[in-house]
Amino acid sequence: MELTLEQVQTGLQAGVKKAQEIKVPCSIAIVDSGRNLLGFYRLDGAVLASIETAQGKAYTARSMNMKTGDIMPLVQPGAPLYGMALTHRTPLIVFGGGAPISRNGQVAGAVGVAGGMVEQDEQIAEAVVKAISN
Amino acid sequence: MELTLEQVQTGLQAGVKKAQEIKVPCSIAIVDSGRNLLGFYRLDGAVLASIETAQGKAYTARSMNMKTGDIMPLVQPGAPLYGMALTHRTPLIVFGGGAPISRNGQVAGAVGVAGGMVEQDEQIAEAVVKAISN
Amino acid sequence: MELTLEQVQTGLQAGVKKAQEIKVPCSIAIVDSGRNLLGFYRLDGAVLASIETAQGKAYTARSMNMKTGDIMPLVQPGAPLYGMALTHRTPLIVFGGGAPISRNGQVAGAVGVAGGMVEQDEQIAEAVVKAISN
Amino acid sequence: MELTLEQVQTGLQAGVKKAQEIKVPCSIAIVDSGRNLLGFYRLDGAVLASIETAQGKAYTARSMNMKTGDIMPLVQPGAPLYGMALTHRTPLIVFGGGAPISRNGQVAGAVGVAGGMVEQDEQIAEAVVKAISN
């Protein structure tokens, strides 16, 4: 089952609410199970780099079915997946802010958040996941 | 003055309403005055090509400050701007569905819609413009 | 002999003067004999598409050592160079506004102007060429 | 408020003056708040790589609203944003020479300088910023 636009809007809105609560201007992107863009919001005042980075995090989280921050240690020099981040046409992003979204026990897509500190982006992504996943 | 997220949401929502009314699954993208993405919705059932095409139309409409369909006759073989569509790294899209958004007499961004027949995409883009422009 | 920055500035300034005189907000690009960018101005209010198009015209004019408008008839369907515009990594632009710049009987670079009607762009490009060529 | 051509010329000229003073042949690029090119000079004798690098630095500085050199420590192996530089279609440049330009308390664009040693590029970029920012 693909995510519906209604679910995407619910997720984006939950992200906006959390972002405003912790005062982090950011971009929020949601992709489907095929890693293709479903929805995107850029909040007022978010840096432009957040546009590409939020989308990259969502792409990465669904590519690996992992939170992006969890990929980080695996791709360091000397680690098992060193170099992996560059093997995709859209380079993988391996710091926090991306997370898979599950529905009925299956990964249905992913969210990516960028614009704040890594921990803030992760909090906002978590709010999105919580609002949509079941 | 840049478009706010609130204005972008209003515009996207007006596009969704029109798209549902005329039963056209599509993608809707809104960019700012610098051609950078502000907001994006993909409606349930829209073809994947609508993702890039909607964004390309918004990019084009702001690049030229014209409706994308109005560029079409200018780039035909024999016409003054023949070949122009290919001169950008993100190729310009010259069929209808993209339109500039003005605020206070200045172009503040643009919308692009893709997924339906050209005339349908244009109708939806017009609904977005009408909801945000002033 | 390569064009100097001083010559480039003189050329750009002559272009600005002509553009203001005929009231055409545009972009003006000057490339060297290797087709690489030497100088660029975007005038207040020029459409964003003029950025890429001005550079593309300068690139094209030096690629062919011809005014860009003179290439147009050669690349039409049925004409000798049909398809040629797409054979370059930066697609050639075959409508007016680009022109080679000569020094001491040799092509030393080219100028590209975009943002106005083709005839206006050509006038501005001519002013630049006249100010630098000898 | 977007930067005017007059401000861009003032900035470029300040950069040229500093570059000549410290004898560094370089390229200087200024982009607007949407990361789109406003002005560019290549000084006599600057290496060709300075063309893309100067523009990339200006693009990066505005993408992040940071001096490019300040991004460097953040993207090292083990650092929070490891891998980020490659997440943009135009890869971010994370060594010094790019800097945001502010007007009236807002980031209005950015400058990028390339061609010299990093510290020299930074000095020249600073001269540009100082001449335009207020």
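List of remarks:
Letters A, B, C and D mark the chains in the order given here, with residues in each chain numbered from 1 onward.
Methods note: contacts are C-beta pairs under 8 Å (C-beta built on N, C-alpha and C of every residue); 3 or more make two chains touch, one makes a residue touch a chain.
Source: prediction; values computed, not measured.
Interface repeat of B-C: among B-D, C-D or A-D, the matching pair is A-D, sharing over half of the residue-numbered contact pairs. Once the centre of each chain is set as its mean CA position, subunit A and subunit B turn out to be 25 Å apart. Spacing of subunit B relative to subunit D, judged by their CA centroids, is 31 angstrom. Subunit A and subunit D have centres, each the mean of its CA atoms, that are 29 Å apart.
Annotation for subunit A: residues touching 2 or more other chains are 48.
Taken as a contact graph, the chains fit none of the simple arrangements: neither line, ring, star nor complete graph.
Residues 34-35, 62-65, 77-78, 80-84, 86-89, 92 of subunit D are the ones that touch subunit A when the two sit in their complex. In the complex of the two chains, the subunit C residues touching subunit B come out as 47-49, 52-53, 56, 72, 75-77, 85-86, 90-95, 117-118.
The touching residues of subunit B, counted against subunit D in their complex, run 32-36, 89.
Considering their complex, residues 2, 4-5, 8-9, 16, 34, 36-44, 48, 51 of subunit A touch subunit B.
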